Amino acid sequence: LMPMVTYFFLIVTTYAFLGTFLFAWATRDQVVAEHRTAHILTAVISAIAGLSYFLIQGYYHDLLVELGTLPSPDDRRTLIRESYSAINQYRYMDWAVTTPLLLVKMVLMLRLSWREQKRPLTILLLADFFMILTGFIGEQQLSFGNEIQVGPKLIWGAVSTVGYVLVLLTLYRLWQQFAGRVQPRERWAYRLMALTTVTFWGVYPIGYILTVFDIDLNWIHIAFSVADLINKAGVGLVAYVASTGELK
Amino acid sequence: LMPMVTYFFLIVTTYAFLGTFLFAWATRDQVVAEHRTAHILTAVISAIAGLSYFLIQGYYHDLLVELGTLPSPDDRRTLIRESYSAINQYRYMDWAVTTPLLLVKMVLMLRLSWREQKRPLTILLLADFFMILTGFIGEQQLSFGNEIQVGPKLIWGAVSTVGYVLVLLTLYRLWQQFAGRVQPRERWAYRLMALTTVTFWGVYPIGYILTVFDIDLNWIHIAFSVADLINKAGVGLVAYVASTGELK
Amino acid sequence: LMPMVTYFFLIVTTYAFLGTFLFAWATRDQVVAEHRTAHILTAVISAIAGLSYFLIQGYYHDLLVELGTLPSPDDRRTLIRESYSAINQYRYMDWAVTTPLLLVKMVLMLRLSWREQKRPLTILLLADFFMILTGFIGEQQLSFGNEIQVGPKLIWGAVSTVGYVLVLLTLYRLWQQFAGRVQPRERWAYRLMALTTVTFWGVYPIGYILTVFDIDLNWIHIAFSVADLINKAGVGLVAYVASTGELK
């Protein structure tokens, strides 16, 4: 049953991103000029995420077919474990492109001048890149038999967390410095978006750690799908609400 | 023959949704500003439904190929029965995303203020989610040999119906409260759209019950395809007609 | 590991081009009228490159699956070497269309009159075509056993370089003649774009020469992916910044 439910979530997530993309695209003229770039980023992020989930569900579909041919539960577990690695690769590809765009979108909400945002943006993007890169290396810490090597994986995870914390700190400092200047709606949106980086971005490191334990990896797929929807489509909706003409 | 006709319907439905999507997309500037969001929802819903039918017809195509290799009518029936389950999964994935959007679209037709619509919208979306979720659980009540377990399936169906009835009641209460305030065209559109939830949405629970009997499941595929077209493309057309500039 | 990382880069590049395409497309009204054509060229170039990388990653995916079935390292190397040729074909198809568009885009930045740009443009396009064509012929210099024939390959490479140098010279002459006339922002953008033809276009001939040596060809895939992103998406961004209303 679990594999079926996971497949269900993967496809639903694909649909939801397709929907978000089309919606953001079609409403780009309803958004005030200052926030148009951010709104288009929502469309871009959703399109990439939609394609990523489309590839993932295709992969998972093949997995399901193969699962059906394996009689022994042991073989099935091994297959799920190996395919987990493969699917995770797709996630990192997605993250490599979409997380920087998400951060840019958040900073844009504060309408800073080019000079003000140059430094914090550079820090954010470098820290984010560092986080994804070292996390990706950590995921590759597999022994010959495709077993996770717990020690190295956790060490790389800790290294990656340094980048993550730096992202959080930079967003917080921006909030302290500039939040007072913008409209209440924009302040609300920035806060909500920045908070997701503490809360729902936190789902990914937790999933990373959980792979070390002996749990059904499908739970992680489901949790990541939901977190992705919140972090990309949800945040996009928040930005949209803060950027429509009615509200300003 | 029946499988061929079913395949025919699946592909025609795919095309029809593609057409609806493109039409709604291209006409988005012809719609008065107040109803633009609803109109874009039609495009989004059609795109998702189109993709969903595209996946379904692909699945069905593989089924047809396999059917051709099975000489015994008994094997063929088993294959159709099992594939019915699989295709149904795709339908639920679609419903999980599109039914809430359909309900939002109906409510938008009444042009309520944010405060007025917050509560009924929340109820609608929760009831709808409950309906789809419990219905989905009901579909999974299969015995080891992939036979439907009639008792549990019907009980879950009854539970699901509670959500369905709540949706109908909420839409009816909205009609009583607010229909008087909007333009005649909008009243007409809301009524028609809300009525489909009683009539053509009813096709799905009937199909759900019929699976328990020994009928050719292809009939259900065909009925669902037609109902989907009415509930998504048809309703989209009604909303379009009520929202064009000429009419207001 | 290397094949996995290469696959990673191919997909990320696909996503990035999809993103660039959508972004350029959606922002086409934010660009001053004089530079709109150039901006749309960015969208066109990104769309073509995105499709090209989508095909390449699909090919590479099949390659990875096949690699998994080959136990001997020797067989694996042969497979990678042969597939390198095939993937390279996709790259030349892309270059045949996108490099002339890139050159046109650069020239457009100088806002020359039709008479002024006719001659240099003709030279640029012919030299570029000559470069790609002879380079393509060079890549086909394979012996019966699919081994690269070093001598002929390098001779054709040298011939191709004639075209390349002619492109560089023409761009330089244009800079000397006309750069003084345009706005500082445009001068900056033209210079940056023309410089990439010396620097990051240079990655391709280097990769061409490296195939002659016994290195892991995946490095070349990765280098080409990064260079493509800089030469197409990066240059597109530079042109965008120089063409937005705020800056002029």
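Per-chain numbering from 1; labels A, B and C assigned in written order.
In this section, a contact is a pair of C-beta atoms (placed from the backbone, for glycine too) under 8 Å apart; a residue touches a chain by one contact, two chains touch by 3 or more.
It should be emphasised that the depicted structure is a prediction, and the values quoted were computed from it without experimental measurement.
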Degree value of the rotation bringing chain B onto chain C, based on Cα positions, nearest 5: 155
Chain of greatest Cα-centre distance to chain C: B
Central chain (distance from its CA mean to the mean of all protein CA atoms): A
Chain A-chain B separation of Cα centroids, rounded to whole Å: 30
Rounded Å distance, chain B centre to chain C centre (Cα mean): 46
Sequence positions of chain C contacting 2 or more other chains: none
Chain A - residues contacting chain B, complex: 1, 4, 7-8, 11-12, 14-16, 18-19, 22-23, 26-27, 30
Complex contact set, residues of chain B against chain A: 25, 28, 36-37, 40-41, 43-45, 47-48, 51-52, 55, 89-90, 92-94, 96-98, 101, 136, 140
